[in-house]
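Each of the next two complexes has chain A plus one more chain, namely chain B in the first and chain C in the second.
Right after this comes the complex of A and B.
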């Protein structure tokens, strides 16, 4: 009973194990080999539409049973579902402890001809992110049947891609509800993603059926709504999220950090206070086949020493070059050019370049100061008077 | 103490899996969920707040009440109005023609709970908006130190004039005293040395001015050493000649 409901940590975790990171020109941030771990090889045929679409995008799939002795991944004596629960907990996602529990929603279920127990949910509470879900809006609800999970709300690495509605709860559909369920309402996440600080991406879904051929092809009508869709949003949802998980979208790289004084082209090893300088960096996004210029208006540069002295928005002319120019503060010390860029669904950029800033040299100050003229006059009038006196005193009779 | 009763007169029995939840939500977003136990037709829950004070984390204030009722056998058709009657401490909900699962807000409840003792459990931390780091930060423009205030140019020039007054006074004083150069050596030799001596002094003073304007110390010292040697030689000749002349005048 656990097997069909067991969550399949969709190969994103496996992708980490097998792929190689290649960042040479033209090559993407991740390799193209994909390991698919399954409990039962029948999944290969029941989810053939999904796997076919992955192969069409150039991914090289390899199917293995979870307890295949030839795999060099660590083998545990627990079942696959316990293993996946453990990995999910490491990612900050907690599944319902009851292995028989499923997400039940008496208001947002998908109506079907058979009298169900409201475990087939038509979810339409999707995250607002063009990076993760694609630029085209998913009109039809997404069909889901499985176990729910939740993440700590203060965890900023986990994002709920498909959340349950406020009337949902997680319990065993066969048994009577005895105590308050631990997962209720919108806190239940049906599908979540996690992007780690090293930019590895994991997608966690409580339903294996979400990816199956049956759900990808079926129509959906939400209970209580008169609108019926011919095709559920599953196919679009699954394609777009898999593109995101496999780094075909939203993976950024920053290269070519340059800085120089305004008017010059060489990069100095040190700046002076009150200098005017210009900083530029190139940011690209992997599009699945090549690196394309990344266009955004909220990339910022910081001139940082213990805290940012200058924080400025960088402008781009759409050719991947982001630049900003500002005046060096009148504080001297060792500063850093910092670019900290974290946006929902995108890999993080964290660049830092150290540069010292020196104070004025003794000859870089103002040369003649008007308010010092009396002193100049005093000095020179003394010299003049001395000369005249020496002549007058010696030769006067 | 709050009592809540739900009954459906339509005759359909609730099948498992039914869900009858009463949710209380505090204004600080802390939520409490209660399952309303009951049989096929009637659900009743009695909330004794004094006993539940610790579960509520001693949070007093306004709570929003929400009731959700759901059942596998309830199929959504039309949603009719249902009447909600509020008693003082008793709420009775009559689902007259209601056949559907519903999630309904019941209104608000003010709870005035006693103060929390020292060891009471704290309410769980609410999310601090983890999405804040995904937004751009506010721009920071460095505020440069304002240079010190200086007096007006006119003031400085006025004081320069004042500084020069003593010099002018000196010149006028010399005129008044009737200064003359009668003691200047008349013989060409000593006259030449005297002129050279004063020219040398003038050259040294000019060197000082040049040093102030643009020279560095090394060049200045170099030229000064040349001039100094020259001056020693010339000056000795001049001054000794002068002193001889004066001595001769005195004795003669």
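Right after this comes the complex of A and C.
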């Protein structure tokens, strides 16, 4: 069931979270309906470029005020910003506790006409991932103005897409700095994404402006840098990350798991030890419009019983079919064909298929062993000799 | 042994033969009645409860039999079972004693071939009673070989209702012992029969019967050690004869070959120490036979010289062989003995080294009351039987004594082996009772005939009491026979030798009129003693019927209790298994302590991690460790084994004492044996095992405690455990990694599901917590009333 996606835009909290929850079904991995929550409907026009690009990609947007009584999000009796904080915390992202705090960087700020308080950050510490940010490199820095957050490094599900520079810190620009800021340096994340274990994707940004028409259109020059870009990297950044968030890229599916003995085509219910078998699976990636074969050389198959007995790279023929053939180990038990494919930015693939492996049947051993021929000869000659002896003993007078 | 009887009646041919025939019919009729008695006394369980398979192991046997009847013998032979011991699986065909299954399968097949549509379950339920009837007939044969028909009938009747045997063979108790006791007694019968007749035919039958025993039960090692012991005893006491050779040598060779055919035994038949005694005695027997042969060839002086030579050489060879054997055996860590055998030889072995054997209640040493419970008055009759066996001592009666003595020892080590003692006790008690009645009735008859008729006293000897007179006759003739046969090796051909034996018997049995004027008791004393003995027998019968009806008939999967409102039935086990089979996926794995493994696979048809076939200690220790670990660690262990559901048995609500909390220390011990981070002292407070407020935090936080007592406080508000008799230590807690999915009516079985891994990993939740403390405190207030929502 494709649940409606939720796009939350809350100007008061100055942050934006994009979340999409659902399940891969039908043709594409996600539905096309999108809920946009805003504190102020003016956002609709101030961010029209971004929304326009979404709509151009076929998404169906529905705008609502965050305090719309018809939305069941309301049952949590918090303010809208608390709600977003709560969701972010659920996702493993912790915003600065001070709601007035902003990320300040006195070195890597974007230079502008007025010498401001250096809260307009020109971020260029982007994650190295073609899947999340697209294959085309984002040359211009990304403009950011808003609250910073941090993710626990041990949290394997959250990725920092846009990190702050080492000279950044998070504090209230209006107030005097009383103590050491809790968030400093590159530990501050400006934009993070989270891919949950069920492959749902969430993008969390502390800056609503990052998506605004103004930032998308404006030029940027990093302080202290000669290079001036007449267009900030924001447009490319929001387009590419939104593609990723809405599962238009990096979404894999595995179908048609097949295994059989070498030389046969039917899938057996059980293998025997030392059988030779072939395993194949088809892996596709969603391109936004259709399922395309996924090509990689690092997909591995495990033949697994408490630990992998066989671990092998699967070869692919560019038509999405990955296959491997191997010999069943000389151990019987209930094995599993396991494909555990976890790559940065891609949805996780974890396939497990149970298959028992039995020992030899009583009639599958060698009937005669060559090295035992002396023993056969011995026993048969003894039998013959005993027979002759009996005849001789009984009838010889 | 029919011959001597006929001879005894020889002086008065026509009426004697008639009486003999009458005696034979009566005997046959009595045997049929004994069979009916043995069968019907075991039906209490079906009548009081229902026709179901009992306990734990029978469920596995039942499942195997179902498989056999459905797929045929070859599939059974090669059956690799992927639904137990996940993920290792178990090769059923190669690890099971197939005798019982094949027997029941054949009965089922035969009955169905006759177009009698019995279900496999019905056949399985009634296999044990049928075989106890056959076992009592085998007892008759065995005792008759030793002490004549009277003793045989007596022993058969006693065995038919001995409580120890009933406890293992009531209808529904479909376990190996059900057929194994028959096989045991019948093998002994054939051995004694061969020993008495020297017939190669019986020797071959004996090997086949031994083969059946090997197929049926691991207790066959008792036979293959007892018979060599007896052979050795015979040799040492100078009773070597060619009959002994024929009784033993074919058994060792054929029996070992046949035993090696059973997959579960295989090469163990020649490789493990349990079987070495038989080979050693086999060698000794040959040496002795050779010595006798040489003795016949040489003059005494030469023989003496040869003897010294042979003994020196023989000893040297023996030492060499023994040294090699010792070296071989000592090179293996367990000295070539299996753990169970070692725990028999050294009763403290299991408790020291193998907790998994010691943890089984039937492997514990029995208490004194259990002797009275299980063999009742036989305990007092047995000594009399031993004395009777020495009057006179024959090969057969010495075997009985040896059997009894070893069986008493083994029963003292393991309560389960009380079952092996039962036939021995029955046989010797039968002999004792029969001899006593023999003496008493004879003196009564003698006195009466003197009283009413002062005619010749010889008529008293003319034995109207045919059987008892013939008993004396038989034994005396047998005595003669053995004496004679000691001289036998002088004869060169054993065939002739045997014929000679018979002649001797005939000549002997005619003459001994004089010898039989034995001790005669006063009439009153005999009458009173007879009445007392009958009363004793009556007491025994009453006890047996009580034991069969009340003590040993409960199927243990259905429990009952009597209260003021009437009978209350606890059918929780089947309720839980039915839930599993209806509500879980067919490939889901269920973890529980191993006691419930067989039942889960048989009744719920779900894959289990460990079961009652405790072949892999590590796997059991893994489950034990999971049960003794805190929730998260346990979840990780279970998840690595693909477990979906966890099943615990909890008796605290209704007072069912054999629940998982009471077994828990064994889980800790077995788990700690493999995974040293589980330490038994962590679960004990000052050496005491308790789950109340005094319990250690490790105990109160382990998975077993949590799964058993989760929501328990809801039942009475206090959390009073009726098994342990106090309130539990930790009453209000929540489960984070497990969720309760099913609890049976009386809470005896509780099933939990492993929660899937969380979809997201939460952040630190700094400020939000303080903000929401208000709301969470109101939540907490609500939680007091109902913390589980």
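Following the convention adopted for this analysis, the second predicted complex is superposed on the first by the 350 of 397 C-alpha atoms of A that agree within 3 Å, B and C clash if a C-alpha of one lies under 4 Å from a C-alpha of the other, contacts with A are read in each partner's own complex, and residues count from 1 in each chain.
Convention: a contact is a pair of C-beta atoms (placed from the backbone, for glycine too) under 8 Å apart; a residue touches a chain by one contact, two chains touch by 3 or more.
Please read these numbers as outputs of a predicted model, since none were measured by experiment.
In the overlay built on the shared chain, the residue A:155 is in contact with chain B and with chain C. In the superposed model, A:53 makes contact with neither chain B nor chain C.
Which of chain B and chain C touches more residues of chain A is settled by the count: it is B. Contact with neither chain B nor chain C is seen for A:213 once the two complexes are overlaid on the shared chain. Of the two partner chains, neither chain B nor chain C is touched by A:325.
Of the two partner chains placed by superposition, A:186 touches none, neither chain B nor chain C. Once chain A of one complex is fitted onto chain A of the other, the partner contacts of A:344 are limited to chain B, with no touch recorded for chain C. In the superposition on chain A, no contact is made by A:221 with either chain B or chain C.
Touch criterion met: A:354 reaches chain C, while chain B stays clear of it. In the superposition on chain A, the residues of chain A touched by chain B in one structure and by chain C in the other are 155-156. Here chain A touches chain C in the complex through residues 77-78, 82, 85-86, 88-94, 97, 151-152, 155-158, 194, 196-198, 200, 270, 305-306, 332-336, 354, 356, 358-359, 361-362, going by the rule given at the top.
Listing the residues of chain A that touch chain B in their complex gives 104-107, 111, 115-118, 153-156, 166-167, 169, 171, 173-177, 179-181, 184-185, 223-224, 274, 298, 300, 308-313, 327, 329-330, 342-344, 369-378, 380-381, 383-392, 394-397. Against chain A, the residues of chain C that register as touching in their complex are 74, 77-78, 80, 82, 86-89, 91, 93, 587, 640-641, 757-768, 771-772, 775. Residue ranges of chain B in contact with chain A, taken from their complex: 16-19, 21, 23, 33-35, 68-76, 79, 100-103, 125-128, 130-131, 133-134, 136-142, 144-145, 150-151, 153, 155-157, 159-160, 162-164, 166-167, 170-171, 174, 179-184, 194, 198, 201-202, 205, 208-209, 242.
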